[in-house]
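Listed after this line are the structures, all set down as structure tokens.
Shared chain: chain A. Partners: chain B in the first complex, chain C in the second.
Moving on, here comes the complex of A and B:
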């Protein structure tokens, strides 16, 4: 057995399980695991139907242009082609869609605003025929000047990306090419700056990251006999899709039936619609099932990306190391359409100070409209970019003060009761200093004696790897730390509810619970957790998880680290309502046999009704004989409120979550190659409902943070706003050779406001991973490195 | 054109195949075997990895016409393939692949694909489930085929060996740690079984 890896299959921290086997706190295995390892799990791209056609989208080859003409005659004449549709063929007056602002055309009308915008769609009997037909559509463009940055977007004579805006942000933005602006003002920054013995300023650049989920955008639309359509789709939120799709089709929502098919990862990239409306339009036009599957090239154009950002930060500290003030300006590039930009702005602003006590804060965050690719949700959602900047600042400031970098952070770390710059007091554990202590206390990976090993050195463990570029010459090691803060759930007053339908009955002589939600399982393991919750609450062994669809109420989005909290909360709530009804039946049937039915606290455990003292009153099979109980109920977390538009004050977030990282890197300073040796993480999860899945989330999020530290960036040509690297050949994500061991220390400090005390897990590890790696590279090289990702030329001085 | 080849031990025939169609397309769209995945269709991600006459290849980069008369093993046949191999004495030497002869003599057994329940799994498939190496699962089929082939050649790999062997398979969910655990677990169980 290899000795340097984590112990096999054992979580770092084992939590206490419930009395019913397979309940919360246990590392139960995925219910979809067998189907996924045998290749039989049906992803959206695996759908197939008799007489199915293939859809293809024609996308703009330029970023900003007027459309002079579109000629579809040759495409329509190609044998095997069933339909070609453009803007003129849209069936209703609703021709735009969008998550919050309906500014995104289903098909371009008169103008394209970014490279790769959908212009026309084709259905044919073979995907290659559809591609060839799309290539035969002649589109004449008249180029317009491209807007690519803040200066060009806000110039006095700047062409407006969207004319006649009527969204509810336009009234408070300084320029119509700014989607949303959120200031956060607290204390008196100018006055506080006078007390600063040290001030550090930095300008930081965060590159455009892609979610790079592996399952491409895809789905199958099947026309229904009643004139409606049934869409089998990979998405993060069925009901949000439904709300946007139905009006464009001119159908009531009841006639657009949606079933979740297998989702090959999401990470925010499936919050917006991609091919959903196009497939439905073609299916309704042709009367045949239509399947659309993007290839990887198209996928890079088919979903929003993480906002690239420019961040301007000024921090001050006294000579004993206390932070005095923060001035920050965060400019996010939202690209051509709004997507989730307003909410990303709210997050970047409200979390822009990081997990620190700073009484005097002046933050401004904006998102631009430009002709760059549209940007929206990605894991970490605005908090990622800010964390990169404030953590670089913390290192610089600690050095100026002359303190240890971790100790400096711990001195200024927020804790329970700290008031955020928004005025919101943090009312659950905020173990920032403790997480830093834990991650620092983890054993360091051994020093590697490369040069001493000579020819015997295993080049696979060196920068450059199998390229055999060094045996240790020019290789230096560095260590870096970072910590971050992320919100959980939808914020700023959003009605962020979930729905769960739970049924209990006897099947085959056994009590069985059935859980039906519309939650999008995208790989995170929500289906595993729902079954665990039902076992814990209802005391059954057998739980059936029904496929997610729109036959049950909304479960909200699988994003914002919210599903275990909110849909998990809804499942628990519905289970509690079911339990009450089961106990009512029990009292009716058996109440006269034992006084405890009326007097004791009753639980369902191990297939039985028991008192809180452990006395068994009845078998669930006997209680439920000839009966069934079913409840569908919505569940809400506590409400939030909008941030004040001038001051940013407000109870804006449901819950905060924290993670800290330590990165150890080795850098070949001659070639600028980086090898991350280890990336350790400590995170507070409140309560680990499934420890194995929690650790999987932390390791996956950590690795996405590593990617944007050293390799991942969508390169957009600043002259043309065209995407230069839409492929896995040119957009690199970490391979197993790039990814180090990721030891994880899980802390469980309950949040009393949340179900079971849990804290959303998925996003926090993506925040601090990137700045920790950057800090380690700076430590190794002594370079300032104010942008991410770091490329070799930034390390060799040849940029 | 018409292409004849063997998939998971069964002779198959695909009609009306275009010259430009990949093996991946024929498996997924013509033979009803969508287990091999289409994450990039350009040979970068490994999600479509299959065995072609015993060798792991990206089926998206193999033209369907190239497999005429040859043997293909996909994730759908992996469990039976591994079982067959074990019954033929496994591979303890660390240097044996699957011979063409063995590949030709082998045939997958059918099983119910609706629920996955009662499905017999290969050691590496079981290890991926047990170790938590499956999240969204889209990379899983390709990784399983590649990991199984690696363990066949190399039953006692070091971590560096595992990473090198699986470096052509991208995963976006797990950070690879649980995949490492799974392959170590499969190797350990394989060692115990010998």
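Moving on, here comes the complex of A and C:
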């Protein structure tokens, strides 16, 4: 029970049956699937408007400098250029934006704080003209020293990245270059440490991962006749964008209309604004539609990344293998602007102990302001970095105690009822030990598969692949396990609601439901699930999903594994309200014909009103003839509360989700090359609304975790804070040849607080995948490997 | 930017003579990336795609004359027997789409130390057929690479073809990347045995400012093989000889630290690849390993 006395939820009652085809629990196919696979899907970068201009952004070439001057004269003189805008051209007093802290300048003012910061924007009648014009803008910089790590950020004489901070974290941070600090303190660590027979300490480094979505940032802003603007945009949360855009433009929110356009992946990278305000500013300035599309190079500067982190962990255990205590310090590099750093800190701290029973905990998590690229939301959101560290610790500690690594985890695994280090009791299934048991029980992939097809080696089965580096020489197999815990939904007291408008009427002689939400479909399959929910709840075959826009209330963000839970919950809730109204109409029209209208529990199934006994009372076509029913309603999950700033205690999270992995790798120990052979995953999803989509999410998250285990890293020069590899030539993501077999074992243990008992799926597999791969590589090589991603030089002593 | 589209080779040479800064483009897999990323804004692009014979090859007595634009896919599919090292190298080039467009002429024109074809060309022995309105000449591959992304072409010259010696013995090619496909080389190594001349030749990529041969290693191995009568008796090469060869290959590197890898790793990896490819080629030469062609690389 949360301390505010609010009820923590009631058991789910599924009244609607499963007689309607295409309802929840079925693997209905995605409406966008075929289009995407065949290249027909229209992404935001494909948009076109007659007479449109192209926008271009000039970005800083240095990471930290004063801007001495900006000269736009030559750029403006270029034929075809319609507008060049700098900070001085911003129309209102609101010149910054930000998710939580409005510290990010729309255009740089007097100073740039990271490499690639927007300084000026151009609109021209051709993209190449816009690029050339941007190149003609002369910016004179006076270099400032760069802050790149904790030592330089918190030095007594450190330059403040943001002077005169007035955000609500500034009062409790130990240094103004720290965005937010969250301690989690429970029990007595010093006392408990005395009971530890074994203690392990480790210092871990997590590299900067990029979301690397394939559809770069893009959008089209079209000026409206009433002085407003209509923005067609690929984003994760239309209403959050709207709240940040409108004040900068000096427009009421009603005059900034937003429609979601085709989103080519997100993974957290579209939670912050990119080109939204810039396109609107140029459209309003020129009176013409303006399209902006980043190329891949610019995209690496156009969105926040996953926080790189340093993690310092100390665990203790008794000789029986029981965890005694945890001391941890997690230092996240937030880069130049706050973005989602405060919430990432909250997650890293509150989930920093992992899915284990530890009664004595002292965790501190901070995020730094530096001149490195801004970091914010990415799939796993603070829990990823922590999981990498605590899982490495679990292996070390199991070895010290002399226990099997999986058995050691199972011995300490949390379960329903376990109290988190935040004091929050886990009040739904937490099958941590069972998930580990399941991945361990899966059959092992056969040894030496490269010899399976005959006498000669099949290099595709070997590290290096077609690069032909080994035919088996130096190759050693390793196996590793990991398990993780992630929260679902927005936490720490955030009013995390969603809105759904559902309409029911007869179209063409058939009952049809229309679902309208502002949910950003970013590839997760929400539109598929909404139709399934409507079919289940309203008993219709035909469901129309309207395009997401701001003509309906907020759906919240497509992130935090929350959309099926929250917007799915809102759709379900609105459907229930519609159903009640439909039944009211039915009673009014036909109630006198059959007593069951008044006495029985009534369902909508297969286009009919039926009793819970299965007797048909009326056809929906007849009930709805000449009528329609429409409901728009907000829906909320149970409230959470903020973590105490000194102790971290509080009912902070809505729901927890768990996944476990077993990684099997082949390592070429001489060349330091890795082939991940298999990444088996077991995950509890509460209820799989669409089992095929669930598998897809788990396999995708697993692969993204593999990426940051063995290849994905944005490399920032520590001397200049400049990004060194902003391209897919040097920022590598897994290809299909790097992607292993991913057998998935899905558990469905209902969470009674959630719609249909479901659990958010998307992020948990990203957590344990990385430490499982690292553990397997350690197993193969015997090396300690305290950083990820691991590169060939780390495996060959040539770093 | 002007786009020149000569209809014939003669027109192309004339255009290049008139506009020596013109950048030739065939598959476009290098040039278009540079233009798209705004790394390069050539005054003129010289499109060679209308010149059909650049995509043809002839197999002669001694060598293969490979048109500059023959795509890597064709090399893999049709020239495995004659040019096994280059065929293996072609397999490691990017993705199928890129291999359908890119060719060796582009690799040579760009002359990046990371070009995948270079170590195979160095090991096999090749000559670059360069031509201008002034005439045609053959540039030995050893003299072709003159610096980082620089080559021996005169400003008015175009690459018409490459003459590559047909394999007279086993050849191997290995490339280290940090991904199992579609990856730029951290470093690469090519090795060719030439039983007719009783010599070995090597090629190293991405481990020096230009693609290089490990000449000291070749000389050492040539002498060791000769001295032990290995070419005739087909004995197993001793681990100490293989190690010395590997060390000398590593020693031929002059690498840098960059985002793709450390200098120290590159030296180490070239040594490992040298030792392994020597074992593979020599085992193949001895005939004990009848199937050296690993499955994944069979087109």
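Criterion: the second predicted complex is superposed on the first by the 769 of 799 C-alpha atoms of A that agree within 3 Å, B and C clash if a C-alpha of one lies under 4 Å from a C-alpha of the other, contacts with A are read in each partner's own complex, and residues count from 1 in each chain.
Here is the rule we go by: contacts are C-beta pairs under 8 Å (C-beta built on N, C-alpha and C of every residue); 3 or more make two chains touch, one makes a residue touch a chain.
All figures in this text were calculated on a predicted structure; none of them were measured in a lab.
S.K.: Thinking of the overlay built on chain A, is A:792 touched by chain B (first), by chain C (second), by both, or by neither?
M.R.: Only chain C; A:792 stays clear of chain B.
S.K.: Check whether chain B or chain C contacts more residues of chain A in the superposed model.
M.R.: Result: the larger residue contact count on chain A belongs to B.
S.K.: For A:38, is the partner it touches chain B (first), chain C (second), both, or none of the two (neither)?
M.R.: first
S.K.: Report for A:590: first if it touches chain B alone, second if chain C alone, otherwise both or neither.
M.R.: Neither partner.
S.K.: Could you look at A:312 and tell me whether it touches chain B, chain C, both or neither (first, second, both, neither)?
M.R.: A:312: touches no partner chain.
S.K.: Counting only touches as set out at the top, which of chain B and chain C does A:522 meet: first, second, both, neither?
M.R.: First partner only.
S.K.: Pick one for A:295: touches chain B only (first), chain C only (second), both, or neither.
M.R.: It touches chain B and chain C both.
S.K.: In the superposed arrangement, which partner chain does A:628 touch: chain B (first), chain C (second), both, or neither?
M.R.: So A:628 meets neither chain B nor chain C here.
S.K.: Between chain B (first) and chain C (second), which does A:469 come into contact with in this model arrangement: first, second, both, or neither?
M.R.: second
S.K.: Scan A:456 for contacts with chain B and chain C and give back first, second, both or neither.
M.R.: second
S.K.: Pick out the shared contact residues on chain A: the ones touching chain B in one complex and chain C in the other.
M.R.: After superposing on chain A, chain A residues 295, 297, 458, 460-461, 466, 727, 729, 734-737 contact both chain B and chain C.
S.K.: Under the touch definition given earlier, write down the residues of chain C that touch chain A in their complex.
M.R.: 36-38, 88, 91-92, 172-184, 186, 259-262, 264-265, 267-269, 272-273, 276, 279-280, 291-297
S.K.: Note which residues of chain A are touching chain B in the complex, please.
M.R.: Listed in rising order, the residues are 1-2, 4-6, 8-9, 27, 29-30, 32-43, 45-46, 48, 126, 128, 211-216, 262-267, 293, 295-297, 458, 460-461, 466, 522-525, 692-693, 695-696, 699-704, 727-729, 733-737, 739, 741-742.
S.K.: Show me the residue ranges of chain B that touch chain A in the complex, using the header's touch definition.
M.R.: Within the complex, chain B contacts chain A at residues 18, 20-21, 28-29, 32-42, 44-45, 47, 74-76, 78-79, 113, 115-117, 119, 121, 125-126, 128-132, 134-141, 144, 157-160, 162-164, 166-181, 184-185, 188.
S.K.: Mind pulling up the chain A residues that touch chain C in the complex?
M.R.: 131, 295, 297, 453-461, 463-471, 473-474, 670-673, 675, 710-711, 715, 724-725, 727, 729-730, 732, 734-738, 791-793, 796, 798-799
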